[in-house]
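Next up, some structures in structure tokens.
Consider the two complexes below, in which subunit A is the common component and subunit B and subunit C are the respective partners.
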Partner chain A sequence: MLTGAIVAGVVFGLYYTLVGLGLNLVFGVMRIVNLAHGDFLMLGGIAAWWLFSSFGLHPLVSALLVIVVFVLVGLPVYYLVVPRLLRSRDSEMLSLILFFGLSQMIEAVTTIGLGATERSLPPRLLGVGPMILLGTRLPKAWIFSAAASGIAVLLVYLYLYRTRLGTLTRAVMVSRDEALATGIDVNFVSAVAFGISIALAGVAGVFAPFILGSITPNMGVAINITAFAVIVVGTLGNPLGTLLGGIIYGVSLMLMQTYLSSWANLLPNLLLIAVLLVRPEGILGRKVRRA
Partner chain B sequence: MPDTASEARNRLIRRVVLDTCIAAAVVIGMGVMRGVYSNELMLFNFVVFLALAQGLNIIYGFTGYLPFGYVGFYGAGAYGFSLVVMHLHVPAMVGMAAAAGAALVLAVILLPLLRLSGAYFAIASMAAAQAVYEIVANPDLENITKGPYGVSLSDVFAPAFSYYTALAILAGTLLLVVWLRNSRFGMSLQAIRDDSVSAAMAGVSVVRGRTIAWLLSALVAGLVGGVFAWHISVFYPDTAFDLSVSIFSTVFLLFGGATTLCGPLLGVFILYGIYNVIGIAVPQYFQFTYGALIVLLVLFLPNGLVSLLTSRGIRVP
Partner chain C sequence: MRSKALALGLLCIAAAAGPANAQPAAPTEIKIGALYASSGPYASISMPVFDGFKLWVDQVNASGGAEVKAFGKKIPIKLIAYDDQSSTATAATLYNQLITQDHVDLLVADSGSVLTSVGVPIAKEHKQFLFDVSGTGAAFFTDDNPYIALMADPVSTIWPHYISDYLADEGAKQGIKTVAILYSTNDFTGTQAAALKGFFERDGKVKVVYYQGVPTSTSNYTVLINNIAALNPDAVLELGYVGNDIAFLRNLQDSGSQFRFVFTIYAGTEKEEIEKNVGISAMTNIFSYVPASNYEYTPNFGMNLTEFHDAWLKKYPVGSNVAFGANAVYGYMAGLVIDRTLASTKSLDQMDIHDAVFGLSGQLKTLDSTFVLRKDGAQIGEVTPLGQLQPAGGKEELDLVAVYPPDLAKGKAVLGK
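The block that comes next holds the complex of A and B.
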């Protein structure tokens, strides 16, 4: 039972890494919190559901389509909102409020357009029957979702550490002002990071029906708390830490569900508070806390 | 030309009298409305949000901490009231004391959160409120809290008495804000908010100031939560810990303008007024308008409605 919980935890952890990764990228580059992240994830799920039920498109194909469309959606959102926000007095705080407003708008439009019902995709789309991993039987849909998440995380890693634009992105993460002084087009780098972040949320949304069970227009807030817990555990602003945070989160969630199931929903909240109080800079972090 | 001491004192007295008159007008107005207008629940909700927005003003306006989980204290108050009344069958006023006690206990437990700042604090307080909700709504605790199935307090149901109690709480909260705006303590809080290091060097006790503001703010929400439980008398944990309570209060506060007395009042009367006109039938239209309003507000008027005047050098009470 223990091995089972841990194996399932790692599988879920890979998925939660994908959920948190985009949020962390935006925080790292722009020092703002995108509270609408969970709602972009929801939109990705809705897109996958719509593409499947209208055109019979396989979720893996939808995922590729979602990446392209969401990057294209993310760029204008960035240019409309973020540069102005970053000029304000306390952009970190105000970003919480602003993106909360955006999240409300997305939720309202989705509910008006589609109703508040739960939507899901048949798990057989990602393979029938269980697969045995280290003696644990897991649904194939979980394994494939986790694998897709792993690939997405790997691609983000390659982008950040093996491309020129990625190197510039990391420079902006270290110091926005110095990057600007060096002549880096900070605005463009940030816009691309924002687009990638939205696309990551969308891809996570495509696999949400298989891992989380269903998609509802108001799921955004809960997803945000989870994503925030994952990236705070793993260190804010450090994309690699997110992998560690995701796996810690996934394993502890599975252990809670195995041994104390009715209290499992408490976990992200308690984990978040505990890590913030004991080690606010996260597990891999340097000290950044003020006051 | 520097003011003489007596001129300064006279000006302070004029300000306090003006602020108190505004507070009194609001409280008396809401009292009179109950006799005139028949939709008592709507008026009660107005009183609730007027008090909550000012309670949030105490912590955000004066110290700069924005607790997204402000509803946690409201819920703690509601359940403090309900548990005492349900299990011990005490009169409602004892329940109100329990509501205040529950909120204060939660605030003391959460005191370490004040070590965090900015977004970290906001999110951590939201997680704390969610954690309290998960505990209260846990089916395993059905014998104590009735779990997710909600509580019923028909024994103490008293719509008129509870409405006036809510008004009294509102009056107390408004006076608290008037005091903070015109007292040495309130000034020291604002100094901490603007630059905590300089304030500490000037001899202001930073930790003490923040702690007191945090407890006062929690106390207001706890009392409002208690009177909500009393007035409504049947509710579910989802209602008592509804995150939109935090969000509405925050938006009302920011829309009007924090640190002032009039800002949050204006925010509630205008926005909650609009909500009651268009929001009840199709909440999503309101939700959308709301979201858009928040986005525009942050981008173009980050200091609220009153900043239209204050930025021109006009003092707003």
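The block that comes next holds the complex of A and C.
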């Protein structure tokens, strides 16, 4: 059971890497916390459900569409909200309030428009039946979502370290003011990062019905809490640390489900407290976090 | 002079006695307070209940109001309803508001044990009778609290007894020897799980080899199913809410694990909802309760199931994002109990309401079967038969067939190999 829990935890945790990746990118670049991240994930799931039920579109195709649409949605949302926010005296704190409000609005509008019931996609779309990995039976959908997460991490890495825009993004992550002083179009760089973040949430949403069973308009808050734990464990502002945070969360959750199942929902909070007490900069963080 | 004094005395006595014997003025409306959850984890069970209840309110008001015996006339109903958004903290505030600010005549709880749980002590403290629609947690019903009665579901401690009876009876004959129980840790499913474990231990025919609770927020069961499969039980009982059952059934199919007997509560209770999310193949031969939305009882009051379903579709047409299922029946059924209560209560005093509700016990038969209350307010009628989702002859759909007890069975159970 121990081996099974660890193997399942690693694969499951990779999905949460995908969930947390965008949230961490936004924090790294803009030093704001997007509490509507989970709601954008929910919208990604709703989009996949709608594209399948209306046009029969396979979720993997929907994922590509969601990336394009969500990046395009993210850009105007950024320009509408974030520059004003960053001009305020305490943008980190105000971002919590503003994006919490946005989260509530998205949930309410979705509930009014679609109702509060569960929605899902047929399991057969990503293959029915188990896949054996190191002697552990895992749903095929987990392998797909873990692969999608791996690809996303790789693409974000390539974007940050192999493209000119990525270099500028890292410059903004180090110091927004210095980047501005050197003539970098900080707002454009940030808007692209925000769009990518929303798109990553949307892609995670496409896989949500296969990992979480179903999508409901109210799922955003719980997703945010978990995603926040993942990125704090991995290190706030370090998108690659999210990979480690996701795996730690996944393995811990599966071990909790195996040996102490009744308490499993406390895990995100326990991880948060433990990391903040023992290593507040996160596992991959520097000694003094810039946030 | 003496006769004048006598007449004056009689007049005074008459004047003094008059107001005491007079009927209080009839109110212009009967205020019913209710809560519902339009969002959050309990929305999918709360909204159908609320919509079913509203259907009853609309019907009654369309006929001129509810017949209120205490005033000898029909009085319109005013429904005061608030959205607790599935939050127990919000629900507690709103229960208080309905009682202390709105001064409702009758108080109806939100659906399910979680959102009812906070209303029970508040209603008791304010001596306000609580119409508990479907909060089945056993802890709600105590001998020292006369201000509650369970309407539409049996109390959790007796509800699951047909499952254990079947496994100990038919199941044991067919080689079922071990069972795994996986439940969500809340009043509703936690109490059922504990009751089942007790039944199995009492009967001694089926051994419980796995008994674990998971948070109600659990949305992934893969590792739990793998752990259960490692113990190789003959039967698996998963007790959770709608979201739990969806995730469990999907993960069970994905895992490829097979058990001879698998039970979930909502596969049958909210069949349409689960089928939409899980698919037919993952539900085939799953056991579940057969709720009143899938079983025709003969009522002595109110619409029967077919009439109710027609009325439902008229009010909430297909595509209106309102699911028909057991919870829709429960909401309407709670309205029927209130209807009969008003028709028989001596006054709107809360203890008179209590007496009127308990006076219906054993007498009222609705589309949800026979309404029977234990003296502490727990519902002990309306026990749902055990059913199985079996392929409908040659068609791509499933029938929920009652298989136990024998006097209610409409078909024979099929156990896996």
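Following the convention adopted for this analysis, the second predicted complex is superposed on the first by the 286 of 291 C-alpha atoms of A that agree within 3 Å, B and C clash if a C-alpha of one lies under 4 Å from a C-alpha of the other, contacts with A are read in each partner's own complex, and residues count from 1 in each chain.
Keep this in mind: a residue touches a chain if its C-beta (ideal position, glycine included) is under 8 Å from a C-beta of that chain, and two chains touch if they have at least 3 such contacts.
Everything numeric here is computed off the predicted structure, so don't read it as measured data.
Once both complexes are superposed on subunit A, the partners subunit B and subunit C clash.
Legend: residue contacts after superposition of the two complexes on their common chain; A:Arg119 is shown touching subunit C, with no touch to subunit B. When the two complexes are overlaid on their common chain A, residue A:Glu107 makes contact with subunit B and with subunit C alike.
In the superposition on chain A, A:Leu277 makes contact with subunit B only, not with subunit C.
In the superposition on chain A, contact of A:Ile97 is made with subunit B only, not with subunit C. When the two structures are aligned on the shared chain, A:Ile225 is found in touch with subunit B, with no touch to subunit C.
When the two structures are aligned on the shared chain, A:Asp39 is found in touch with neither subunit B nor subunit C. By the touch criterion defined above, A:Val81 reaches subunit B but does not reach subunit C.
In the overlay built on the shared chain, the residue A:Ser262 is in contact with subunit B and with subunit C. Of the two partner chains, subunit C is the only one that A:Ala8 touches; subunit B does not reach it. Comparing which residues of subunit A touch subunit B with which touch subunit C, the overlap comprises 107-108, 111, 262-263, 265. Taken together, the subunit C residues at the contact with subunit A in this complex read 37-41, 43-44, 47, 86, 185, 212-215, 217-220, 222-224, 226-227, 229-230, 242-243, 246-248, 250-251, 253-257, 273, 276-279, 281-282, 321-323. Across the interface of their complex, subunit B is touched by residues 33, 81, 84-85, 88-90, 92-98, 100-109, 111-112, 221, 225, 228-229, 232, 262-263, 265-266, 268-270, 272-273, 276-277, 280, 289-291 of subunit A.
Within the complex formed with subunit C, the residues of subunit A that make contact are 1, 4-5, 8-9, 12, 107-108, 111, 114-120, 122-124, 128-130, 136-142, 210-214, 216-218, 222, 254, 257-258, 261-265. Against subunit A, the residues of subunit B that register as touching in their complex are 66, 68, 112-113, 115-120, 122-124, 126-128, 130-131, 134-135, 138-140, 196, 243, 247, 250, 254, 282, 284-285, 287-288, 290-295, 297-299, 302.
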